[in-house]
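Chain IDs A, B and C follow the sequence of writing; residue 1 opens each chain.
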């Protein structure tokens, strides 16, 4: 069976599970909102300086929220050993990676889009009409970066004793370039001055590099 | 075995020699920097450590790749050794940086490009070492570590470019005055000698660590077969 | 591949975990049409043997051949011939019963995957619970679903690790019948079990594994179940082989 078809089957499975449980989305949303609320108590976010930094707050909240969703992605494979049956199936492991990657990308992007209006409310951030596309592009490419690296590292971390610690520990430092780029592009989309073109290019390169790396090494992460 | 000893001896001697020459050059040959004074001399330790740490992580990458291709545990031992020495060197970079920054800039840390890059690298490879600690089975550990060893290194150029551009957009005090910003030729020469010395230090530590790891594994095998035949 | 190629052939299979040797030069053969029941104490090596045959464990000494092909060097497509029912049910607890089977059917690229899934739901008598979340099923039903999962892609060799454990009368009966049908249709079965009654219902051969070595291997028909039970309890409690039953 072709790699893409395998990806399709795995994607279907993850989407159906999420549809029934809404675990990944609800966990990441609640945690994201909570983090934004805590920022409000920890700092005075209604000053012009803080408004300039708003993009940073958003991505910090998202980084932690996203980690929960990514952890769940492979926790459900471990639970009753289904992941083992999946790893044993005569399919291309790259297809399994792509399926889970797309599912995670979708969940992360959805989290961002739902968090956005809440974020704009809490931080009193305006959105200029002509930069909306840039904001969407920033979310799309940023969540892709998180999904690409997070899917790979989640598969690695789930085999260890301290999987909840190891996932963020492994994946957050790795995703730093994409994080810087995502914050910069979001900041520009929200009315910032610094040109984002380099950052968009970096995001695209990062995404391509890590999806490719994932495709190539994922089979080693799931072999027994 | 004997050939190994000869190589080790040669490396040790070369190391001591270059280290001695390097230190002499640092204190008696290279001119004292006009702005920063004698503190600037940390540069001759700070920069070579960073270069060689980077090299170390390159060795982790190659060893991880070779391990996945051959499944030869010696490559896993090499990856481990390179990562440990690499993390040691990056730790030293992160220590020498602030030691330099404090007298010069008055603050311990400035999110300078090289220091930030080093910090991110430190996190990635400390994560690599921590991962190894939390996997029980040796084969699984080697494979999973190899996956992380490869992804970590693939990330390095991306981290480098991201931080460099970020610092261009938001400049901060630079620790080290940029190793390529118009160096006096005597300083350049001193830097190269020190770089060679630290390279030899890396190699010496790396070889010893690989040997220790190999010995530990040999002991485990012997112990297991001894207990096995006693059972 | 000749008609005499066994479904599973292990030759001098040895597996060490650090200090412990789980399997010592085990030779075992399972032909098509055979159902081999594997008995032994906990820790005798039954699970290890099944995991190796199921391609879950890659590092071992000795040879394992599935339908004549060396497992170690085989294409992943060889795994198509295998169906595994392990200690874990290998199911997605948050999927519905039907969706679990559909997933594996589609994953294995079974023609008419959804219809095949429904067909197996019938076979294991779970059609009534098809839309329920797998998490809501009892242990026995999960086990039946797991067996359906193992059969969905029409494997020719079934490997089961203590499949009767935790099953009620009804489920046990249906599993026995299923195994008998599978074997009658030309499949091969290797299962580890502690349940003598059920095993001898379905099995064509009985094998005892003791501390990593096979100490008994006889066709089920030649074995008096009562005597075997006594001997087996002897094995379980003293760790020594059944009298006069050495291979």
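The definition used in the following text is that a residue touches a chain if its C-beta (ideal position, glycine included) is under 8 Å from a C-beta of that chain, and two chains touch if they have at least 3 such contacts.
If you're wondering where the values come from, they're calculated on a predicted model, not measured in any experiment.
When every chain is reduced to the mean of its C-alpha atoms, the one closest to the centre of the whole protein set is A. By number of C-beta pairs in contact, A-C leads over the other of A-C and B-C.
The centroid of the Cα atoms in chain A and the matching centroid in chain B are 31 Å apart. Spacing of chain A relative to chain C, judged by their CA centroids, is 40 angstrom.
Centroids of chain B and chain C (each the mean of its C-alpha atoms) stand 50 Å apart. In chain A, the residues that touch at least two other chains are 223-224. The set of chain C residues that touch two or more partner chains is empty. Within the complex formed with chain A, the residues of chain B that make contact are 68, 120, 123-124, 127, 130-131, 134-136, 140, 143-144, 146-148, 150-152, 154-155, 158-159, 161-163, 165-166, 169. Of all the residues in chain B, the ones that touch chain C in their complex are 139, 220, 223-224, 227-228, 231. Contact residues of chain C toward chain B in the complex are 16, 18-21, 59. Across the interface of their complex, chain B is touched by residues 149, 152-153, 156-157, 159-162, 166, 169-170, 172-174, 176-178, 180-181, 184, 194, 198-199, 202, 205-206, 209-210, 213, 217, 220-221, 223-224 of chain A. On the chain A side of its complex with chain C, the touching residues are 1, 5-6, 9-10, 12-13, 16-17, 20-21, 23, 76, 79-82, 84-86, 88-91, 223-224.
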